[in-house]
Structures are given as structure tokens and as C-alpha cells.
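What follows is a set of structures to go through.
What follows is a pair of complexes built around chain A, which joins chain B in one and chain C in the other.
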Partner chain A sequence: MPFLDYLPALLQGARVTVELTLYSTVLGALVAFGLGIGRHSRRAWLNVPCAVIVEIFRGTSLLVQLFWIYFALPVLGELVGLNLRLEPMVAGTLALALNIGAYGAEVVRGALQAVPTEQLEAAKALDFSGRQTLWRISLPQALPEMMPSFGNLAIQNLKDTALVSLISLGDLAFRAEQIRNFTQDSTTVYTMLLLMYFGMALVLSALMSLLGRRVGAWRNA
Partner chain B sequence: MTVRKTGLALLYTLVGSLALGHASISAATLEQIKERGEIRIAVANEIPYGYVDLSGEAKGAGPDVARHLAKALGINRIKWETASFSALIPGLKAGRFDMVAAEMAILPQRCQEVLFSEPNSSYGEGLLVPAGNPRQLNDFSQFSQPDLKVAIMAGADQLEMLQALNVPEANRITIANNADAISTVATGRADAYAATSLTVNELASKSQKVESASGFIDPVIDGKPVRSWGGFTFAKGSESLQQHINTALTDFRKTPQWRKILEQYGFSEADIEQSGTQSTAQLCARAAQTP
Partner chain C sequence: MLFDMHWNTDTHWSFAVSILPILLRGMWVTLQAAAIGFVLAALLGLVLAGLKSVRYRIIAWPARVISEFLRDTPLLIQLFFLYYVLPDYGIVLPAFMTGALALGLQYSAYTSEVYRAGIEAIPKGQYEAARALDLSNLHTFRVIVLPQAIARIIPALGNYLVSIMKDVPLLSVVSVVEMLGVAKIIGDRTFNYLIPLSMVGGLYLLMTLIAASAIRLLDRKLPAQGIPLK
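After this line comes the complex of A and B, so read on.
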């Protein structure tokens, strides 16, 4: 049974993939809210930089971002006298989070814009401050609208983690390559890989829909 | 104003370094490695030069010799890293590892980018072809014909050989690693895979669908049959580490153990004899001769 021989190494890799997905999705969500709310703002000093960051990370290849952070940043850091030699895990998390965060920012902005203007006018009439309107009126209504798209992004992110195998991080795809190199058994290894990613995606999808029900619970109250 | 100036200065540094392109990080010395208690050595997952087996253990001519050298230098722990072949030199430059044990061929262009130890091995070339060798291939120069395709690994020196033999780019296919070679050749995406004889033999033993081209003719470039000398690789700035490794390597090469390691991984008698015939200085200086 070859797949039993491969399983321990693949499970070891799966653990790294899960960790990486967890870190980068949570950090990516923070980035998404930061940039998304920033882009929604009418203040140019906040709006413009956020828009620039979103465009940069959405408009360049994730693989190149990853290589840049891993191979180019340390050399640049040395030139300006800083140690920017990030650990593979940190470099991977950062690239994934910034990339997924840039996509997420547009989801956040879109959902905030979809909040009916009457709601904002009512808040103004009741003398809510800008911050109060955002936290008490806009976000609670926008959040449930974001969840289906966030679910998509989280699963996308899980699958994107396979790219980190190219910066020597021992994730699922990396372990699979190692086994394949040693055994040349591409069919078994890649089939197991598909199934394992699919299993993880199902779990993640269930978690996200649970979270979606949670943030929308106030509607049924 | 100051913010803008710093911003501009940073931008210039960025652009400048990109233009220079050769910038590299100050590498670790032997003392720093000893202090850290561990040396980070990279392999490229190429059997039999340097690879990681199913249990995660590094094996191959490079790693097995490197283990002895580290011990001789009083370094107790080795952290093995795996990178794709084309990421080895960038990884050294970015300070991701201290040494590469991939039996990387000592070539003039590479000598300008990184440091090499004295040769640890020597090897010739080969061709992996579909079983039965339907196109009767046995020579790299055959690929200058229009309808033949040859696969090579990204970053490997077979590219320079094929270029020297006037093989057009349209006839070359680049693959990411050796693991893809068998399927590339067996499914006809390329008519052959050009690699070192050891790699070819190793791959041929893994599948019935491919074989090592018999009657292979060593490519002749600049009037000389091609042979490569492989050594350990370091980042520029690791001169002290390089020298210590050289001393240990010279001693270790005199022992029967060294010979046994190379024989065990399939290096022929000729390969072992040849490995001592060139020094790294000679191999690097070839730059002056070949344009």
C-alpha cells in the first residue's frame, strides 16, 4: 500500500498548510478591514494610500510577491542596514495575507457601500459620530453581506498556500514533491494531494458558513 | 520635506540595487556558525547528488561528504534545506543557507556569483529517451534539427552546452525538477531529457517507459569533450568557511571512506579519478578563454 508509506510525510506537510492558512486568513481579514474601511473613507489621505496598496497587491502575481519577499527583500535590507531575512513561515504568511487582504478590501468596501443611505441619514439625524455610524450602523449590516465572498477568499487562500513550497517551506505540496522526486509515483501522490486539499477546503467552508450565521444572527433576534 | 527625501533616497537605493543586481548579503563565518551550533545546508532534490529520502534524511554524494566535513570542523548539527535547483544561488545570496551540497558544477559564470569549494566529484553527460529510443538519439547536437525537442532542468548547465551546440530555443523545453523528467519524456512532450549521466541512469532505473540512450557521445565544445566538476557552494563573503571546508575536504578525499561514498552513489572509476584532475581556480578561470 504505497499511500500508507506516503501518509506520515504528507500529514506533516498538511499541518504546515493548516497553520499557514490559519495565520494568513486571520491576518488577511485584518488587512481587508483596514484597507476596505480606508478605501470607503472620504478623506483623501486615508483613501488614496489604501487604494494604492490594494492595486499593488491585487495587480502583481502572488508568486512574484512571495519570491520578492523571500529572495529580494533580504538583499535590499542589507543595503539599508536592516535584517529583513524573514523566516519562510513569516514571508509566506505575509505574502498570502497581503494578497488575500487586497481582494478582501474590495469586498469590505462593496458591502459598506451597499448599506442603504437612509440608514446613514437616520444615524446623522440621531447625531451619531462618524465612528459610531461605522461601528453601530454600517458594519453590522455589511458584515453578513461580506461572508459569502469571504468564504470564497478563505478557500482560495488555502489553495494558494501551495505556492509557499517554492520557498522551501515544508507544506503539503512541498512534501508531495519530495515524495514524488524519490518514488516517481506521480499518480498516487497527486491523487492524495487533491483529496487532502479538498478535505481541508470542506472543513474551511463549513467553518466559514458557521461564522456567517453567527454574524448575521442579529437579524433573527 | 524630509519624509519625501527619505522616500526618494529609499527609492534610489531600491532602483540602484536592482540595477546592480549583484548585491548580496554578508555571509556567515565559521565562528558564527559554531556559535549558532548548526550549519544550514541546501540540496536540490537531485538523486544521486543531493536529495531527501522519505524519512526526511538528506542523502547523496554531497550531503554524505558534507556530514563528514561538518564533523571535522566541529559543527554538531546540520539543518537540511530543500530548494529547487534554480533557487540555490539566490538562496545563498539572500543568506537563506550557509552552503549548498548539490554537487553543483563549477562554472566560470557561477564563480562570479558565488564561491566554490575544491571539486568533490566529476561527472559526464547523458540522455534520457523513451524505451527503445525510437528517434535513435545519442548526441546533444542532434537537437539542432528542427523537429526534435530536448528537455532540460531550469538553472542547469545543460542550457549552456545546448547553446554552444546551436540548439535553437524552440527545440528546448525547461522543466522545474527531475521528478518531471520521466513523464515529460514518456508522454512525448520532449524527445529526450538532457542531464548528467548519473541522473539519467537513476531516472532510467525508476521506470520501464524510459531508458538511458546507449552509445551516448560526449558533447564536444571548444574542441574538448564536456565533463563537469561538482563542489560545495557558498555565498560571497563566506571565504573563511570555504577555506575550512577545503582543508577538511582535501583530507577527507584521501580516505577510502570518500571513495566509498562516491562509488555507492554510482560514480564510475573514471569519474572518481577525474575529480582530482582540476582545481576550482582552473575551472573558474576558464572564463577568460570561453567567450
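After this line comes the complex of A and C, so read on.
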């Protein structure tokens, strides 16, 4: 049974993939809320930089961003006299989080804008400050609306982690490539690989819809 | 040297100027791959959408599983699968075509949903009106459903064209020399990754901004009530 021989190495890689997905999704969510709330703001000094960052990360390819952070950033660091050589894990997490965060920012902004105007008028009538309105009126109502899109983005992020194998981080895709080079048994290795990613995606999808139900639970109360 | 074109590393500026034509050669490959991948995705998506909507579960169910599988597994792995596994079964495609096929397969799962959503968005009243006018099912689909659905489907497909464009750099791992691959080769040989990779980023931004505004224009130009197919 060749696939049993491959399993330990692949599981080792899967662990790295899970860790990477976890870190970059959590960091990506922070980026998404930061940029999304910034985009929602009416203050130009906050809105414009956030819009530019979102455009840059949504408008270029993830692999370009990953290579830029891993290969080009150290060169830029040398020019200004800083050591910006990042570990593959750090570079990978950063690129994935910024990329998925930029997509998430649009989701956050869209959901915040979809909060009915009457709610904001009521908050104003009750003399809520801008910050109070955001935290107590807008976000609690917008959050459940964001969850389905966040679920899709989390899956997207899991799939995107495979790219970090190209900066020699030992994730699932990287281990599989090593095994294939060694055994030339492409069919078994890649079939297992596809099934493992599919399985992880199904689990992640279930977890995200569970989270979505928790976040929206207050509406049924 | 690449594609018989030399670069000049005297200053940062002359380096950037000298590699621009080389990067543009790579961009041409990127655009070709994106175009072929998109056509494949649009066609395969149509097939998949058709199979998923068949009334017999024995056909619709596997189609749904395949669609879900294509959507939930990484493009990179699908690409490796096609590139390394197909030749074992006697199917040898050039790297470029393998890459375009991988793009088409992955995005067919997305485009199939675009077709479904476009058709499902037609109000029920339209079907009832068609029925009241005694139109056949096929006739209803051809002259009532399709013209209205197309106006919704085209801009949504356009967005996936942009996504496909951004995924083309993955093809460089199976030795397709597209724009990012070109920049990486230049970086490997000159040890200056900063300029070529930043230029690729800039060129990508240019491509996606142009594509996005073209789609917005198309979206505004398409009549909301649909496009008569006559």
C-alpha cells in the first residue's frame, strides 16, 4: 500500500498547512476589519490610504505579492540599511493575510454600508458618538451578514496556502512534491493531496458556518 | 538575456527601462493564457451548470460533487495533477495548454454558479407570462430567459476573467514563461528582485484596473431588461 508510506510525511505537511491557514486567516480578519472600517470612514486621511492598500492587494496577483515580500523586500531593506529577510513562514503568513484581508475589507465595508439608515438616524437621535454607533449599532448587525462571505474567503485562503510551497516552506504541497520527486508515483501522491485539501476545506467550511451561526445567534433571541 | 533581449544594469533606471520590453513579452503570454483559460472556464462551466440542473439525481449529484471538488482544491495542485499525472496515461499536452486547462477547470466551478444565479434571478412572473402566452419551454428559454440572464451573466463572468488573469503566474511552476516567471528569471540572474517584481506588480495593477473599468462600462451599457437575441 504505497499511500500508507506517504501518509506520515503528508500529515506532517498538513500540520504546517493548518497552522498557516489558522495564522493567516486570523491575521487576515484583523486586516479586513482594519481596512474595511477605514474604507467606511468619511475621513479622507483614513479612507484614501485604506482604499489604496485594498486596491494594491486586490489588483495584483497573490503569487506576485508573495514573491515580492520574500525576494524583493530584502533587496529594498539592503538599500535602506535594514534586514528585511523574512522566514518563509512569516513571509507566507504576511502575504496570505494581506491578500485575503484586502478581499475581506470589501466584505466588511459592504456589510457596514448595508446597515439600514434608520438605525444610524436612531443612534444619532439617542446621541451616540460615531464610535459608539460603529461598535454598538453597525458592527453587531453587519457581522452576521459578513459571515457567508468570510466562509468563502477562508476556503480561498486554505487553497492559497499551497503557494507557499514555492518559497520552500514545508507545507502539504511541498511534502507531496518531495515525495513525487523521490518516487515518481504522481497519480497516488496527487490524488491523496487533492483529497486531503478537499477534506480540510470541508472541515473548515463546517467550522465557518458554525461560527456564523454563533455570531448571528443574538438575532434569534 | 531573455528572448534575445539584453538588460542594462548600469543604473536602477536603465535596468528598469531595459527589462520593460522583456516583461511585456511575458505579459503577452499572461494575457493569452488568461484568454484561453477563460474561454475553457466559460464553456466547461456551461456544461457543469447544465449537468447540475438535470432533474435526474444520478446525473445532477455527481456534477455537484465534481463542482464542489474543483472549487475547494488548490489550483496549484490541480495544475500539478494535470501536468504530472496525465502523461502517465498517455495524454501529453504542452505546458501552456495544461496550464490553461487547469485554469479552465478550476474556474468552471465558479462560472457554473454564475449561469445558475443568472437564470434563477429571472422573476417567476416572467415564466407565468410566457405560459399564459402558450410559449413552449424551449421557446421560453430562448426568447424570455436567456436574453435577460445574459445581461447579468456577462459582467459576472468578466470578474472571473480578472481573477483568472491574477492566477496565471502559477503557470510559471510548470515552466510557462509568463510575466512573473520572466521577472523571477531576471531576478535570479541579476540578484535584483526588487525592480522586476515591483514592475510586475505595477503592470498587474494596470491590467486589472483597465479590466475592471471595462467591466463597469459593459455593466452600464448592457440594458437591464435584457439583450434581444435577434
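Convention: the second predicted complex is superposed on the first by the 221 of 221 C-alpha atoms of A that agree within 3 Å, B and C clash if a C-alpha of one lies under 4 Å from a C-alpha of the other, contacts with A are read in each partner's own complex, and residues count from 1 in each chain.
By our rule, contacts are C-beta pairs under 8 Å (C-beta built on N, C-alpha and C of every residue); 3 or more make two chains touch, one makes a residue touch a chain.
Keep in mind that what you see is a predicted model, and the values were worked out from it rather than measured.
> Scan A:Ala201 for contacts with chain B and chain C and give back first, second, both or neither.
second
> Tell me which touches more residues of chain A here: chain C or chain B.
C
> Let me test your reading of the model: by the given contact rule, A:Leu193 touches which partner, first (chain B), second (chain C), both or neither?
second
> Classify the contacts of A:Ser61 with the two partner chains as first (chain B alone), second (chain C alone), both, or neither.
Second partner only.
> What is the contact status of A:Arg180 with respect to chain B (first) and chain C (second): first, second, both, or neither?
Both chain B and chain C are touched by A:Arg180.
> In the superposed arrangement, does A:Val80 touch chain B (first), chain C (second), both or neither?
Touch status of A:Val80: first partner only.
> Could you tell me if A:Asp5 is touching chain B, chain C, both of them or neither one (first, second, both, neither)?
In the superposed model, A:Asp5 contacts chain B only, not chain C.
> Mind working out whether A:Ser168 is in touch with chain B, chain C, both or neither, as first, second, both or neither?
Touch status of A:Ser168: first partner only.
> So in the superposed three-chain picture, is A:Trp135 touching just chain B, just chain C, both, or none of them (first/second/both/neither)?
It touches nothing on chain B or chain C.
> Return first, second, both or neither, reflecting whether A:Trp218 touches chain B, chain C, both chains, or no partner chain.
In the superposed model, A:Trp218 contacts neither chain B nor chain C.
> Could you tell me which stretches of chain A are touched by chain B in one complex and by chain C in the other?
Shared contact residues on chain A: 71-72, 75-76, 79, 166, 177, 180, 186.
> Which of the residues in chain C end up touching chain A in this complex?
Interface residues on chain C, with respect to chain A: 69, 72-78, 80-81, 84-85, 88, 165-170, 172-173, 180, 183-184, 187, 191-194, 197-198, 200-201, 204-205, 208-209, 212.
> Within the complex, which stretch of chain A touches chain C?
55-56, 58-65, 67-68, 71-72, 75-76, 79, 155, 159-163, 165-166, 173, 176-177, 180, 186-187, 190-191, 193-194, 197-198, 201-202, 205
> Residue numbers of chain B touching chain A in their complex, please.
These residues of chain B touch chain A: 10, 13-14, 17, 23-26, 42, 45, 47, 51-54, 56, 81-84, 87, 90-91, 93-96, 177-179, 182-183, 203, 206-207.
> Tell me, which parts of chain A touch chain B in their complex?
For this pair, the touching residues of chain A are 5-6, 9, 70-72, 74-76, 78-80, 85, 166-168, 174, 177-184, 186.
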